[in-house]
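As written, the chain order gives the labels A, B, C, D and E, with residue 1 at the start of each chain.
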Amino acid sequence: AEGVTACLITKTDTNPFFVKMKEGAEAKAAELGMTLKSFAGKIDGDHETQVAAIETCIADGAKGILLTASDTSSIVPAVQQARDAGLVVIALDTPLEPIDAADATFATDNFLAGELIGKWAAASLGDEAANAKIAMLDLAVSQPTVGVLRDQGFLQGFGIDLGDPNKWGDETDPRIVGNDITAGNEEGGRRAMENLLAKDPMINVVYTINEPAAAGAYEALKAIGRENDVLIVSVDGGCPGVQNIKDGVIGATSQQYPLLMASKGIEAISAWASTGAKPEPTPGKAFFDTGVALVTDQPAEGVESIDTNEGMNLCWG
Amino acid sequence: MEPILKARGLVKRYGRVTALDHCDFDLMPGEILAVIGDNGAGKSSLIKAISGAVIPDEGEVWLEGRKVQFTSPIDAREEGIETVYQTLAMSPALSIADNMFMGRELRKPGWRGNLLRQLDRARMEEIAREKLNELGLMTIQNINQAVETLSGGQRQGVAVARAAAFGSKVIILDEPTAALGVKESRRVLELIQDVKSRGIPIILISHNMPHVFEVADRIHVHRLGKRLCVIDPKAHSMSDAVAYMTGAAEPAAELAEA
Amino acid sequence: MEPILKARGLVKRYGRVTALDHCDFDLMPGEILAVIGDNGAGKSSLIKAISGAVIPDEGEVWLEGRKVQFTSPIDAREEGIETVYQTLAMSPALSIADNMFMGRELRKPGWRGNLLRQLDRARMEEIAREKLNELGLMTIQNINQAVETLSGGQRQGVAVARAAAFGSKVIILDEPTAALGVKESRRVLELIQDVKSRGIPIILISHNMPHVFEVADRIHVHRLGKRLCVIDPKAHSMSDAVAYMTGAAEPAAELAEA
Amino acid sequence: MSTQQSYEAAAAGSPQETAEFDQGHQSFIQKFQHLLHVTPSLVPLIVLVLSVIVFGLLLGSKFFSPFALTLILQQVGIVGIVACAQSLVILTAGIDLSVGAIMVLSSVVMGQFTFRYGLPPEIAVVCGLICGTFCGFINGWLVARMKLPPFIVTLGMWQIVLATNFLYSANETIRSQTIAAEAPLLQLFGEKIKLGGAVFTYGVIFMVLLVILLAYVLRHTAWGRHVYAVGDDPDAAELSGVKVNRVLISVYMLSGLICAFAGWAMIGRIGSVSPTSGQLANIESITAVVIGGISLFGGRGSILGTFFGALIVGVFTLGLRLLGADAQWTYLLIGLLIIAAVAVDQWIRKVSV
Amino acid sequence: MSTQQSYEAAAAGSPQETAEFDQGHQSFIQKFQHLLHVTPSLVPLIVLVLSVIVFGLLLGSKFFSPFALTLILQQVGIVGIVACAQSLVILTAGIDLSVGAIMVLSSVVMGQFTFRYGLPPEIAVVCGLICGTFCGFINGWLVARMKLPPFIVTLGMWQIVLATNFLYSANETIRSQTIAAEAPLLQLFGEKIKLGGAVFTYGVIFMVLLVILLAYVLRHTAWGRHVYAVGDDPDAAELSGVKVNRVLISVYMLSGLICAFAGWAMIGRIGSVSPTSGQLANIESITAVVIGGISLFGGRGSILGTFFGALIVGVFTLGLRLLGADAQWTYLLIGLLIIAAVAVDQWIRKVSV
């Protein structure tokens, strides 16, 4: 596949998750002698920039696109345009809606990721789970799909009735103290945690959208001396996140494998360029599941997990 | 005779500063009334209060016997009162013609004006040029110049030309010749007399005593925020007027009632 | 005698408008030089060009025989040339005292001034008050008023007071009395003579012929962007001056060389 | 009545013609400078043409193809329309931070009225347009009547409208396929005309027509002059007879209406109705306006400048991406280029005084 | 020399005292109005106190506790510091869109210099402060010397600095635990002083001291007056002897320095060094400034107003969350309240003319 151009379009360029994905794609592309052009939205949820990026890739004569869509159904016409122009489009991390709008999908199951940490939290609390006081630290008021899937997965895993599974915040379970938004960074995590603590200082379970938000929440708890009696769970399993589990900042996290997604994706484009073959999905699923694993040093009964040493080996995949 | 414009007991305070202090005012039909007074005596405040540019704290205004309450200068303009403010009230970045016709633009005849609402720039420019020439402002080389690029006197000339062209019931001029040259001032005075001869009364604020005494029918002497007296220029000398307005002399009691 | 300030061949064009057209200029030590001319003749442009407020397209300026090239009014100020611009150049939202001392504020004596760099408001206000009283501006009730709230004449008074207080080598006044009342104008004329008696030469732009003829030692007549002639007020009448500046008459050939 | 000061009479015989000067050697360059001076929007146009040429030289036919050039038009289409609305407001010395939110709420109204309530798409579109205009009216009313600073009013409205949008839409996207099947009118602005390799969407054509219309209205009607006067100096405008409040309210309403059209055009561009679109519309529209030479202090500049400003950003973005700069480097370079574009603009203006 | 017009002599005997008027019944209310007029920052203070009282009544001790009230201070700490920088720039009729980017780049420099290059944290902090000041210098130089509009300059710098930040940091967070162990100086501003239930971090104390210092400098030094004069009317300031360029450059440099301090304070608040922080700093700082009553057109307002403006937003945010509004509704209500706060402010000002 010498000389083939591939595009990588991520949601943002500022989230370590996507930075790693880009590194994985770059490494693989270099190995195969391909040119990689990477694009990203300016902020999470920036859909128009992604549409423009697809158009640019078409104009550029690329052979294939790796895409983590910000808006899974709105992007479909643009994806179709690319496929019509002879490009192979592979969704990474986030399945499109419908999932077969892309030629292939390499993704984590975000709902499952949430469910795992929910189950773990419930199991760790044991009987106390019935009296838990839960803080939900979500992504943004626009309720992007990843955020909703993880949030609702967590609640399902914890054993809470979801209401409408397509949105958060409509649950009536009194154990939920409240939802607040973090923008997925430390600053937002701290502020959201403070707000919810002011509402109820006895919170003892904290769900966070990702590990930076979890680190921010931890600082807020530390400021009032409660960092040791609260369970924080999160998603991503990045190297700093796993280190934070080691240090007891986070209780458990669901680990994803962006490097793997990216390198698989590049290989698939290379194959498409040379043989016209498309990758096959995982048997029994509509997509190629790159897997998700629960990382914790306090395994709970009934929830499969790996420890932080293994998590450290696998971090970012 | 009933004054065409009358005010009683006007008060305007700005924080600790008193600009008008129970001030009275009368303008008779067809006359040229000069208003004179020290700097800061409240002359501009007075005409702002009667032309709707500021709303007085107390006091009342009558136009042709009807009580009026102008809340904006547009109200006054719609009643035919045209004012040249001391600050000139022009849009600096717009052209001379734009400024002269602001708020009463001319449209092209026919469908282009009615339907497309297209302005008739050529005509507006031509009229503007003509009005300026009437004032002797021959140094304005480019009628499309932005007003902010005009010299001090040219700018004042544009404002005066605008008021003279459009006033129908009362014309108020706040120091119209302050920045004007000898020739241009002369033209403004001629213009004032012209307007008067069309039967339109004029309020003229000026610090130039010879000019005031030349054109005014009556002189309203303003001092410390109120009308001190009204004098007849034929019965009083410039020295009297100056003495009254500066406080060097007190007017006779009966004058204060004029 | 060598002129203290001299300019030759100044040209300033603004797009299609010519403001200065190869203009010459001379100011002699210790004299009061009046500059007269129609509106838009280019008087303000001339003094802006020699005080650094605009940079001329062509031409040269000498101060005390040295060639100078001012690129900003601060350069000129540092050479002791103090100017009252026609637009007054004041910060509207700041107080009278702030404006008077802008760029040369007084600090408190002792450590509060040296270390904390604290301004001496009380003294600045006191001096400001005093300077205004010298000009007879008794209607300024509140020395902390923002300049934008002053009357037209009060504002001008503040600007003139500032220049008179700080000028050391040349003082330039562009229509300093245009908005002033009778009493206040009188005071400014006295002030001008006062300054002259301190040996400081003055450039005075004015449209008021009696004032010009009263104080000026020489009169620079400006017309259509250049110096038409220089006349001696004792040898010429006001009518001559007006006729020259408006173009109604041509000056004798030898005058143009003065 | 004849105390006339005697010396004044001497002015009587003065000449009656307007002053004229020999302009000296009016070289071509000087004439060009004068042209730039009286037509300020030429400056961004020159910057635009220069940047097209530079990228064309660097990239060859990849960039200099009808396809790529019209692609730029499509990519700036939405921002271009919104920037027209923004220009109007900025000309009055205001700013509208709610443009993006109004745009997206209007598109959501069009979509939800069609699909949730089953209204005919024509009516739903009209409701969307009314919705945008109404949001604009609230902005205008608060600015004009309540005398609140536009920045705060529209900042508040931004949050209010955006939250309303999320609450009302329940964050649900209406899929492109559904719209194409049941209410293609909503995607009207996505229709294309192809001429050779060039592709013009109705959205692009709408943008160009809108620019021409607004340029005409601003320059050739009384309302247009009043918009400038209000932005220049509202007190002076009021004193000289402009109904300042009415002008302000009409400008904000028109801005809202144009944003609603942008919302409609956006459905055409992205196919679906998505409540999360338009988040960058504020900053991008303001950027286009300012690069186009309209002063944020109001009263100066032209809508054509805005159009060129939007295109400049579009050209830089596509050009850099095609050159292979990656995302962060592109942002960095665009940052540099924005500054450079305005510096060139400033320099040309200075030369041309 | 005595052509003096004769009538002028009549002014000779005029009185020599300053005019004075009977102010009539100076009621308490009038005195209060006058006070408001001469101290404009009192207005946001009143709005602030009112909102604290209202939320206190609605929420009781949950809100009216030393803990909750000092929590608000902590939450507005960073924005408050950045808003000081923003105020300075806005007072000169500029705007600084790069504050957030400068803040975060400076904090990244402090972190990376310590951990990547192994410099002592003291030196790394100084480097971070220099970095912020230098970014400010570029802004100032472009604005003052090149005469480019501040909006564009800082928009460009925003993109440039942010992209540099991401490229340089490779998006890597330095974890709180690592910093605490190896370079606690970086977390200095996170240290606290407890007084009963009240918690004051060094960051909060720094903010308060900064506000006091700037208030003093702006009001009582020549430089401060020059900042106002430049914002008020730069041409007039130049003509009356202010070194406008020098003032502008110094303001932008100071703004950059303050942002760098904000970056340091942010490390204290969030524990870690994170290149993705500070994304809302622009809009939040401008909001605080405008709510605090500083005019975006420059030259009017006070830094105390900004401080109260930041607190008003903080009070509303926490108060509404405690009242149980969820994130979307909070967002909507804050929009409403921002408008309401400024409307009250405007109303009080009007009453007090």
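Criterion: contacts are C-beta pairs under 8 Å (C-beta built on N, C-alpha and C of every residue); 3 or more make two chains touch, one makes a residue touch a chain.
The structure displayed is predicted, hence computed values, not measured ones.
Visitor: Would you pick out the chains that touch chain A and also touch chain E?
Guide: Per touch definition, common to chain A and chain E: D.
Visitor: Any idea how many Å lie between the Cα centroids of chain A and chain B?
Guide: 72
Visitor: Measuring from the mean C-alpha position of chain B to the mean C-alpha position of chain E, what distance in angstrom results?
Guide: Taking the mean C-alpha position of each chain, the two centres sit 45 Å apart.
Visitor: Please output the residue numbers of chain A that touch at least 2 other chains, ranges allowed.
Guide: 13, 43, 141
Visitor: Where in chain C do residues touch at least two different other chains?
Guide: In chain C, 14-16, 18, 40, 87, 138-141, 182-183, 185, 209-210, 224, 242, 246 touch at least two other chains.
Visitor: Mark out which residues of chain D touch at least two other chains, giving numbers and ranges.
Guide: In chain D, 5, 7-8, 11, 14-15, 19, 21, 38, 162-163, 166, 328, 331 touch at least two other chains.
Visitor: Every touching chain pair, please?
Guide: According to the stated criterion, the contacting chain pairs are A-D, A-E, B-C, B-D, B-E, C-D, C-E, D-E.
Visitor: Going by the contact rule set out above, which residues of chain D touch chain A in the complex?
Guide: Counting only chain D, the residues touching chain A are 62, 65, 67-68, 71, 74-75, 78, 162-163, 166, 170-173, 175-177, 269-272, 274-280, 317-318, 321-322, 324, 326-328, 331.
Visitor: For a test of understanding, state which residues of chain E touch chain B in their complex under the given definition.
Guide: 5-15, 19, 21, 23, 34, 37-38, 353
Visitor: Going by the contact rule at the top, pick out the chain C residues touching chain D in the complex.
Guide: It is residues 13-16, 18, 21, 40, 209-210, 224-225, 237-243, 246-249 of chain C that touch chain D.
Visitor: Please give the residue numbers of chain A that touch chain D in the complex, ascending.
Guide: Against chain D, the touching part of chain A is residues 13, 35, 37-40, 42-43, 45-49, 51-53, 55-56, 59-61, 70-78, 97, 141-144, 148, 164, 166-167.
Visitor: Applying the document's contact rule, which stretches of chain D touch chain B when the two form their complex?
Guide: Residue positions touching the partner: 1-5, 7-8, 11, 14-21, 38, 216, 220-223, 225-226, 228-229, 232-233, 235-243, 299-300.
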